[in-house]
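Below is one structure; the comments refer to it alone.
Each chain gets a letter, A, B, C and D, in the order it is written, and its residues are counted from 1.
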Amino acid sequence: MSAAHGAAPPGRRIRLGMVGGGEGAFIGAVHRIAARLDDEYELLAGALSASPEKALRSAQALGLARAYPDYATMARAEAARADGIEAVAIVTPNDQHAPVAEAFLAAGMHVICDKPVSTTLAQALRLQELARARGRILAVTYNYSGYPMVRHARRMLRDGALGTLRMVHVEYLQDWLTEALEETGQKQALWRTDPARAGAGGCIGDIGTHAYQLAAFVTGLKTHSLCAELSRFVPNRALDDDAQILLRYVGGARGMLWASQVAPGNANELRLRVYGSKGGIEWSQELPNQLHWSPFGQPTQKIERGTAAANADAARVTRLPAGHPEGYLEGFASVYTEIAQALRAARNGAAVPKELSFPDITDGVHGMAFIEAAMRSSRQGGEWVGVGVDEAL
Amino acid sequence: MSAAHGAAPPGRRIRLGMVGGGEGAFIGAVHRIAARLDDEYELLAGALSASPEKALRSAQALGLARAYPDYATMARAEAARADGIEAVAIVTPNDQHAPVAEAFLAAGMHVICDKPVSTTLAQALRLQELARARGRILAVTYNYSGYPMVRHARRMLRDGALGTLRMVHVEYLQDWLTEALEETGQKQALWRTDPARAGAGGCIGDIGTHAYQLAAFVTGLKTHSLCAELSRFVPNRALDDDAQILLRYVGGARGMLWASQVAPGNANELRLRVYGSKGGIEWSQELPNQLHWSPFGQPTQKIERGTAAANADAARVTRLPAGHPEGYLEGFASVYTEIAQALRAARNGAAVPKELSFPDITDGVHGMAFIEAAMRSSRQGGEWVGVGVDEAL
Amino acid sequence: MSAAHGAAPPGRRIRLGMVGGGEGAFIGAVHRIAARLDDEYELLAGALSASPEKALRSAQALGLARAYPDYATMARAEAARADGIEAVAIVTPNDQHAPVAEAFLAAGMHVICDKPVSTTLAQALRLQELARARGRILAVTYNYSGYPMVRHARRMLRDGALGTLRMVHVEYLQDWLTEALEETGQKQALWRTDPARAGAGGCIGDIGTHAYQLAAFVTGLKTHSLCAELSRFVPNRALDDDAQILLRYVGGARGMLWASQVAPGNANELRLRVYGSKGGIEWSQELPNQLHWSPFGQPTQKIERGTAAANADAARVTRLPAGHPEGYLEGFASVYTEIAQALRAARNGAAVPKELSFPDITDGVHGMAFIEAAMRSSRQGGEWVGVGVDEAL
Amino acid sequence: MSAAHGAAPPGRRIRLGMVGGGEGAFIGAVHRIAARLDDEYELLAGALSASPEKALRSAQALGLARAYPDYATMARAEAARADGIEAVAIVTPNDQHAPVAEAFLAAGMHVICDKPVSTTLAQALRLQELARARGRILAVTYNYSGYPMVRHARRMLRDGALGTLRMVHVEYLQDWLTEALEETGQKQALWRTDPARAGAGGCIGDIGTHAYQLAAFVTGLKTHSLCAELSRFVPNRALDDDAQILLRYVGGARGMLWASQVAPGNANELRLRVYGSKGGIEWSQELPNQLHWSPFGQPTQKIERGTAAANADAARVTRLPAGHPEGYLEGFASVYTEIAQALRAARNGAAVPKELSFPDITDGVHGMAFIEAAMRSSRQGGEWVGVGVDEAL
């Protein structure tokens, strides 16, 4: 167990607030566990629902010290307190991400926002500008980047173990929307298939963007252009439920990205494969404690989290010995814990320490550029379109 | 995410203390995360090391409200406070389990003790008697019983899905003691291979007992007798590092148990297979989110945690949707959370609610009976010996 | 073991010749084993190399009854004999497939040709015409269609088990051309990367066409159009070594096809996934004895070859009980054995029996249409192009 | 494809006869394919059933040149012919193995006998004596020894890659006898559960002996003693259907062997694990093309048949490139092909070439010693008994 884990020394915990995540929500509880797991935060305040009554009731149920009926009130009130929150976690449906983030950045607080960071690229760029102007951290919880073996892979590729990168294949497959679940009134399905709340992308925004970020995080490759087929397979669905995409990376590598919410038998099958001139790697979120590494011409090795073969970047975010599986919550918590480390540095006016690699608004902007490019390509019948942030504006 | 998870309502958290788990320890930090994960406990007091200075330094590093130089002082002082701890977690080396548990039970507190609960069966029986006499809960953290798919399997077997049970095969394989790690001074290896601190069993006590408890927990079978070969493969090692055992269960089922700490390529490979007249199941700790179920004559099914196919017993201890892996800490936390539910019932003088199934001193006693029987058999050249708790005395 | 296997009744064996497959060849020996395995053929004649001396030497080494210096001589001579061969197996490099097939069809013999059946679509269409005109069978050894669980899947889809088909994902990954093996003079690499012998397609023709045929064989879907990125990643290579393709099927299903010869860690990883409104399937050539079937909302089932759960189409081409793996040679042999059954029907002037489903010139034509469309799309910068056989001309 | 495969040079094929394997048999057809696959044998004569009419009818159906009503007639007649068979394959139920083998050895022919070689150790020893006296080869088809990665493992262990061997775990699990299949009249179940035809061991003789031979073949270890629990789980079954065994090897290694025919979900799961002071290996018959090798302290490697990482012993019995799976028939055929190589050496009066490692009567004798020791131990309530061939007499 690495030194950082197990407990926070007294007085070090980050004072945290939360917007969204009240009754019936999913991701809010995940963020709370993630914040709590390494004892790096204390959750003090919240505006946990768009409905004021629900917001207050939910806060009480959680035992929050300070409950607010809405996020604007909360931002003002917390900014006015000497012991106010230092950071806010935003776990609302997508359409509220940008307005809430803006309010708290404007009030001088750091922001931890779920993905996608906004519903348009323009909003994301505005947030980026605002965070810069205010000198605040705007983290975006692309949580899969917190898995130890993802970190291991990223370091391997940076160190050149694969040689020149050639092909990337990333897929994120689910099956929960195989039928018209939204027509049953199920809350998660309702908002995630509703353009007004999810944004213009369905599957592409919900999980396609995770797949895209994972590939970029590990490979460091920039996307030049893409060709996308977004499909709506379930009748009457308002948003895409499947996305098949070809990618051209700057420098000549080629990629395939597949995201689907209608692939029976797949729950959260996020899987990345990268091949270069010297070898290949493979990683899957459902079996996250292993990385398969195939040096060309030699047997494939199964590198296990927590062993001597796992590198220092993996070890930094490892809590347990090999063979005791860590999972989704631990990866999510590692992102939170790295953000806490950055926030503590910020208390002293220091920049984000170099050894940290949690995703932030830059990932958020690239995510939105990807979503918009994919939708543009698909609308144009699968034409190739650029993905550069500049040209996308 | 089931209702119980995500946060504890205000005022409900159990006041917890800890003995052991200071600097350099492993399992103490695991217990702390497990207690924290579902926000069911607040850790207030500790005597974290056998060395008073280390104990105080460790408590300060963790920000504990009340630090004690030794466990006896702590038991007395906490018993005297109106806001004293309600329960203590014992995470010392094995030889201290029983004396510490006795002290806190005597002081009127509940106990959460790591396994094995003692170093002799006689001690375990005394603890059982004491807990009964004082009306206190004495939980033993056989944590693998907290995995959702272990709960699923247990329920399936109770409901008769496998028909008459015939064969059980359980193994727990590690490799970290393949070489004489204890000679390098590594702390975990030192005490776990030292009869004075670990008790008379090495591998059999450290992990064999986990395997034995898992099989018993899932199958509900009582052991009639066993035949054991305990080996010390590494030269100069004081305790067994491998155990191969045949088991005869009451009722006619037959079992094999293999525990090893010298099996290269295995980190914590705890794997259970059970076969009956109607089907078979298989579960592995390294891939804990799946249970393989083979109804005789039909294809094997992979039952996933978090899906509709997982039963209510699994769902009770499930936090995340399918495909987002839960791991060792979540299973451990589920044991802690169930203990908290029992402790809250105890606050009101109620018995342990029936739906809970965390392991307790009964498991602790059976674990010690197993260890002693295995050692007796091995000393007698692999003779068959009884395992019944009565005849073992 | 199904009735058909184990031995051919006397006098029933097909009289077979072979062109290509002499010294240093790979696939020739595979065809010979495939023909021999079920004892359905006797190999009597051959022109085993483009070099007359090698051809004769190779035939002698194999103990062939009749050795020929070249295929034209062989076609004439065998046609003139009362006991001449009934069919010829063509196992030369690709550029010779069409001329040899034409010669033997013209001489009145049936043909079993390795894939791709030609180097241009126009040739393939000409062969199709010729075979029809002469009333001869022109089988093409897309051998993966011979695997029992591929047959099982095909039947499931025909019977509607998956509902409306939505997505197809097929990939065929190898790594043997990761470096410039052709520069070392290795024979297989030499011809397969030489446009003069392999045809205009490299990876796309060698293995992409296998992947394409497998998807079509199982799904029965017709391709409407595609968008292809063919890459040459290894410097100085004359042909593509990687192909990433999006497919639009007639009827609205969408597909992705990836073929690569530069993916380290993959030997012959041919893997097919198909998803529909009611469920999904997955099959992999490297683990061919299982089919994973995921009915929506229920656990994934592992259907094993040789069990009661395998359907009649699988059972027809199954030799062994479950758990005793059948592999590549058995699948290849099943194609050969089905061809023999058709040839015996032809002896009596009967049409190909309906229960047979070995691939033939129709698959060959579609394969060439696919290759040409992919190359056209790639040359045009990844534009979408039609794949219909008519429009491709 | 190694040089030996693909075809036999003219005149080299071994003249083979067969006893047993007529209508309704399973293993006879396997032997015929195994003999044919590499074109090393021609099957000329047979007494294919204990019933003379069935024997003649079966031989005709197979197109055998010479059909006999019974084996004694066949042995005499073939011995009298100049072109008589050189070897006989015995594929009857177990009780006929020894008498048939004796008859053909006495007639001067080599013998290829299915396992177990007899129904008693005494018979096996007599056969060994007779084969020696007559200077004939008596091969026993423990076919799993023919798998390439089993050969690879054997060589690794001989070369010391694992250091001092410590633990062996071998299991062979089936499920086909989970219910009382013999009561339905199914032919395979009938004779295999009938002491008069199968011999005194059921599961232990049918598959336990395969597991035992595999472990011995790979490790080279001699068994000192064992402790066995043989069970009959299915009511009214005459023979054991499950065997759980502890083994003490000469030199200090310890082993566990589990054979079962009542383990639902297992078809032919033969799996071997061996651990030593320097590393561990794992191999499974259902995924035979890979060997998992775990050098202590380093990642586990997946060594693939057909790659550069596979050693020369594996390459000798490899036909196909990596990724194209070879299976049960290929492994069986490799045993047959090695026997053919020995038989050709014998034609010239030469001894069995050293590079061959097909199993023979020595394995047969050890197999019977194992069966008898296991049955003796079980009868004596699970006592430890010696397994040495001498003391077993």
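Everything that follows uses one rule, which is that a contact is a pair of C-beta atoms (placed from the backbone, for glycine too) under 8 Å apart; a residue touches a chain by one contact, two chains touch by 3 or more.
Everything numeric here is computed off the predicted structure, so don't read it as measured data.
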item	value
Most distant chain from chain B by Cα centroid	C
CA centroid of chain A to CA centroid of chain C, Å	43
Averaged-CA centre spacing for the pair chain B and chain A, given as whole angstrom	35
CA centroid of chain B to CA centroid of chain C, Å	55
Chain D residues counted as touching two or more neighbouring chains	266, 297, 300, 304, 307
Overall pattern in which the protein chains touch one another (line/ring/star/complete/other)	complete
Residue ranges of chain C touching chain B (in the complex, touch as defined)	293, 297-304, 307-309
In the complex with chain B, residue positions of chain D that touch it	166-167, 169, 175, 178-179, 227, 229, 231, 233, 242, 244, 246, 248, 254-256, 258, 260, 262-266, 273, 275-280, 282, 292, 294-297, 300, 381-382, 384
Interface residues, chain B side, partner chain A - complex	1, 5-11, 26, 28-30, 32-33, 36-39, 60-63, 174, 176, 266-269, 285-289, 304, 306-307, 319-330
